[in-house]
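Letters A, B, C and D mark the chains in the order given here, with residues in each chain numbered from 1 onward.
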């Protein structure tokens, strides 16, 4: 019999089944199995658990789930037992997993490794909270509650609402938390124009980087002539260290599908593409599965939900070219051409894929759509700042305590993100700056910590929102070296079409490398700025226009550091090899001979119990002695 | 370098090497063509060298106007030491070879030395190859041209026939299928160098200084040329020339006999019909409206390209007294194929017949060939032998002057030739004192390089024009009277200069005087951008003429060599319009004196110090 | 008709022109390297950059790809444009120091020397060859390979192309003369495309004249029957024509 | 009314003045290989024939040109090459049955007869009037048809008599 959903009743039926699976009358164990989880050994933990359950013939439900965002603490394991609050265990490993099982078997609570307890579950779509039993007898009072964790306290998870709560491969669970209700609503109650109106009023802006108002984009495609139109989901996440798209793709694929279907209906497209980079095998797998299910249940395909609207989605794998994040390049790539931007106009909305009107939005943007429909534009537009509405997912990495994915309302300050949520800088080091927006973003210095994060503010300080990468750097990071690193990334990732971008980046890189090698000259900074300007102004696409940001911001905010490199031939952060010297502090050196033995260059001389000495001519500044010295008698200058 | 290509190509066949020099080294003083040719010969060949030895050089030289829009500019001048006279030898040809050489980037080619085995030269712009010609050796002109143009028709070919290979002093150099540099035995020199042919292909063209001016001048010259009777009458000129020779009494018969030839009228009639029947279409050299040439197709004569030069026919008919046009025809074609000078060959045939009749030579000498005037078959046979230097042909191949010396037995008494040893071309000179002087003093080999358009020649048919021209040149109408000795040296001077001018500019001498020197010199300025007044150019011409003289003097020439055969001073004409005319020795010598004086030479015919100074020849 | 202001003067133009084409029309000189009227604009060299002011907003854009729109103001040589153009030329000069056209452009813009890292390439990656081959010839024998600073034009897999006609259009349009075509007797070599093509031998004079593939192309495209004369080189065609007409008599 | 360049090759004396003036006007140099007209000489047959672009009604070169760089002048109806659009593929040269176009090696341009904007210099300079421009009125048409007849018979020969 066909599973196809054609009425609200049938949808509710499905939801019921979903809820059953979400809150079974037996233990439900969820293991964080997104890439971050797997990377830290989630798979092993999962296997142990499943074996154990089998062995002991336990009646328990073990399922993989997406990323809760707190990647620092992965692998996370959720335990939900009837009548008990949900408990989140952190940094699990095989033996801990064993322990957990034993405890469950014995019916006790295992109190080690608890990250937090969850007292209620929030169904954003329905704006309802579902209390877990307090389980007072379990006496978890002194365990922190999930909502109170500093990491989560200031978060508002809209796009990532289901990540880590459901089994991404189980459509019913998605529906249980309100999935596809928005679609149903749209198809049954909205004219396409109304949908667009709703999106416009919500003030949602593209989360891919440029921040173009999503609704406006939709109108253009809607109004463009032609009966064949396309919608595309841009899942070509290229920034190093940024993975919010991935985590949504892996943890909640249906939210993207639903968003796209709604968009397609609004624009009048009958076919859609998801352009996802081949480096995301798990994401692709999850998407395929989700699409398959959606078709089975009649959310995709012909006559969706028994109505007259038909829509299908194809997956297109990108070869992982950074530049293919650019709309026109992405389209070229889908068409099987060289992934290379072309001038706009014409905009994709007028002539995109195969020359047809095309609307492209990024993963996060699509994921927001169902919520906007469900809760309405007014609700959504209350979140965020005057011109930047809603939330933004950031991937917090670098020199920070709590690395992970955080979704916060627009307008939150950097300080809140880095200190309150991120928990500050490890090792008591000094916070120096944060690079937002990935390689083509800019470096925001410590004294701008109170900057409210939204599109305008970031642009004002010379950076960009980008897709939401946040790389935190501390005093031990050399900004010149940092800029150099980003340029070396971009010189390979620029498509190479525009002279200004191709040759300009190489030129700037050459100068920066020179500087880090202590061969900087008077006027290098000015020249850098000149070139940067040209690359910015004269290049065709976003990549070129933003490529110089790291150089411009660092040279602006850390001019002194540049000058130190150029004039004094010194690297204040002690990073640039050619500008540092290792020397032995005679007082501290005990003459243990350890560094003498370790030094591959035999650059260190000296005898037992007498202070050693480094022959600078021989030293290649590998830093081994520095690491090996037990008495930190070796210092950098 | 506008007008000029700027380079002269040197090919040393002994060393198998090629090199080039700047034309500008010579063009200022010697203009081009004949002028530069003479200069090169004078500079490069040591005195008294064997003309057929490797020391002699063969110069192909174009002029600044060659290969330009200038009408009648298809000429190339050949200069060498003549084996016929051991003096300066020059000859000149039209067609397309000279221009092609120019377009290949060379104003001239100078051949030095002697190849070990037969070779030919292929020039394609800067690419000059000396190639083996074993297979070509022995082939006649037509075959050779065909072979060398197979696969690249654009090739322009200069080559010699068997006559040249066998070093006959009567052999010329053929250009493609028709044009000939026939005089002075230049073919023999080429043959002596084991050089069968020079094929040229050029794609560079010649640069023009003032294209606008040239366009105008071109039209003016064209119009002037179209007013010439030659133009109006062509193609019937081929037989009308017989008539004019008749009318003007220039015609002579056999070996300069003193009586008229009874069949002459019949001959003209036959030729007229023959031409009218077989004439195909007129043909011209580069940029020339005159179409002196004519295509013929004769039934039974298959394949051969048959293009006739109008000038040569009468000499065949009159020298050998041939009234059957078919034989005139055969012999003409024969000479073309074998690479022989039609005029010179006809003349030796006539001489041989004379000697035979007079019993100086016998059946034994001629190895069974019956030399009698009117016997076309015999002559054809004899010409074949001449080309191959077989039997008696071996002696006749030496040319009139040297042949009679070899024969001895007082044969000299019957020989009539110019100083250069060639026959007097197609004219009776006894009444034409000026022409006689020319034939005696000319230093450039053949006399026809100085006597085109001589007013004496049309005095009887077109007296008014003749008088007018004479007035223009020497300021006195009566000067046109052929039989007068006075004024003639001046006239000769003028015509000699005119020819040198034409040959050096690289244009044809035939329309040169009718068009007028002034137009040519304007064309020269337009092409080269060199602003020279006519008088400056004429000074250059004087220089060239005197240098020719110097060369011959260096070869041992004396005043007494500037003369003509005794017969012309003894035997008076006995019939016809010029009955009684004969050359008077004293008056003749007086003309010489005046001529020398006008040239700035002393009585021994040696240029005076002052002259040399004026001409910068010291 | 549209009204726009270019370098201070107001002009009326029909729709559909690019700023570059308009400038050319009214005699305003804008330097460019990658533009060719026969192919679609590409905007790779960035030399034709101009300042466009629209609704008070000023931006730099390549004039070849910028459509003329009503009410815009164009400055083809403002200080900003000059500065930018000079630096771009400096980059190109470093990439292709030996290219005549770049040297000239540099001179024209008073760029004496370049400070950018020297590359000594011949190709400025303007993509003209590739576009001509794809859009006009329609054989698509060449394309870009690699990204960023490693980008280059070449044949698929950098081996002998099996579709190249050897027509030489690529070499003809190449602004820097980077593409060399070598004709050796019966072969045509294009080293840059790793390609060597056989040439057709003229039936009459025996000279080799055109690459076989080009002749095939004409065969395919031509309406009339061309087998006869395609075996002849152009020179011989003249002769054969004349011959035929003359043979009448 | 359309005017065409006609050749009365019976009159041609093969002096190649047309080549000279053509190259002089177009290339400021006397060079047959750069002329748009070529006199084919049959020295063995005794015939000369000037060959030049026929400026056909439906030019094969125009049809083949992939860059649409070849067009017809509305006034003279000469077939012209827009050198700005030309991409130098030389297909036109290849597609022309009579070798009416050629490629200038130095200037890197396609060169062909453009009828000198309707007043061909070769006509003016031909000493024998072998070349002339006739307007396509009744006689003109008749004579041109004559030429075309000969011309097509030539094409028949080339294509083995096929239509």
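Methods note: a contact is a pair of C-beta atoms (placed from the backbone, for glycine too) under 8 Å apart; a residue touches a chain by one contact, two chains touch by 3 or more.
Model, not experiment: these values are computed from the prediction.
Student: Using the touch definition from the top, what's the fewest steps needed to get from chain A to chain D?
Tutor: So the least number of steps between the two chains is 2.
Student: Specify the chain pair with the maximum number of C-beta contact pairs.
Tutor: Contact tally peaks for the chain pair C-D.
Student: With chain centres taken as the means of their Cα atoms, state the distance from chain A to chain C in Å.
Tutor: That gives a centre separation of 43 Å.
Student: Could you grab the centroid distance between chain A and chain B? Build each centroid from C-alpha atoms only and quote it in angstrom.
Tutor: Going by mean C-alpha positions, chain A sits 99 Å from chain B.
Student: Measure off the straight-line distance from the CA centroid of chain B to the CA centroid of chain C, and report it in whole Å.
Tutor: 57
Student: How big is the gap, in whole Å, between where the Cα atoms of chain B centre and where those of chain D centre?
Tutor: The computed centroid separation for chain B versus chain D comes out at 39 Å.
Student: Touching two or more other chains, which residues of chain B qualify?
Tutor: none
Student: Can you pull out the residues of chain D that are in contact with at least two other chains?
Tutor: 47
Student: Dump the list of chain pairs that touch, please.
Tutor: Those chain pairs satisfying the definition are A-C, B-C, B-D, C-D.
Student: Taking the touch rule as given, give the residues of chain C at its contact with chain A in the complex, in rising order.
Tutor: 41, 43-47, 49, 59-60, 62, 65-67, 80, 83-84, 87-88, 91-92, 94-95, 115-117, 124-125, 127, 143-144, 146-151
Student: If you look only at chain C, which of its residues touch chain D in the complex?
Tutor: It is residues 36-38, 132, 136-138, 165, 167-169, 171-173, 210, 214-215, 217-218, 221-230, 233-246, 248-249 of chain C that touch chain D.
Student: Looking at the complex, which residues from chain C come into contact with chain B?
Tutor: Residues 205-207, 235, 239.
Student: Could you pull out which chain B residues touch chain C in their complex?
Tutor: Against chain C, the touching part of chain B is residues 151-154.
Student: Across the complex, what residues on chain A touch chain C?
Tutor: It is residues 321, 323, 338, 340, 343, 345, 490-500, 502-507, 510, 527, 530-531, 533-534, 537-540 of chain A that touch chain C.
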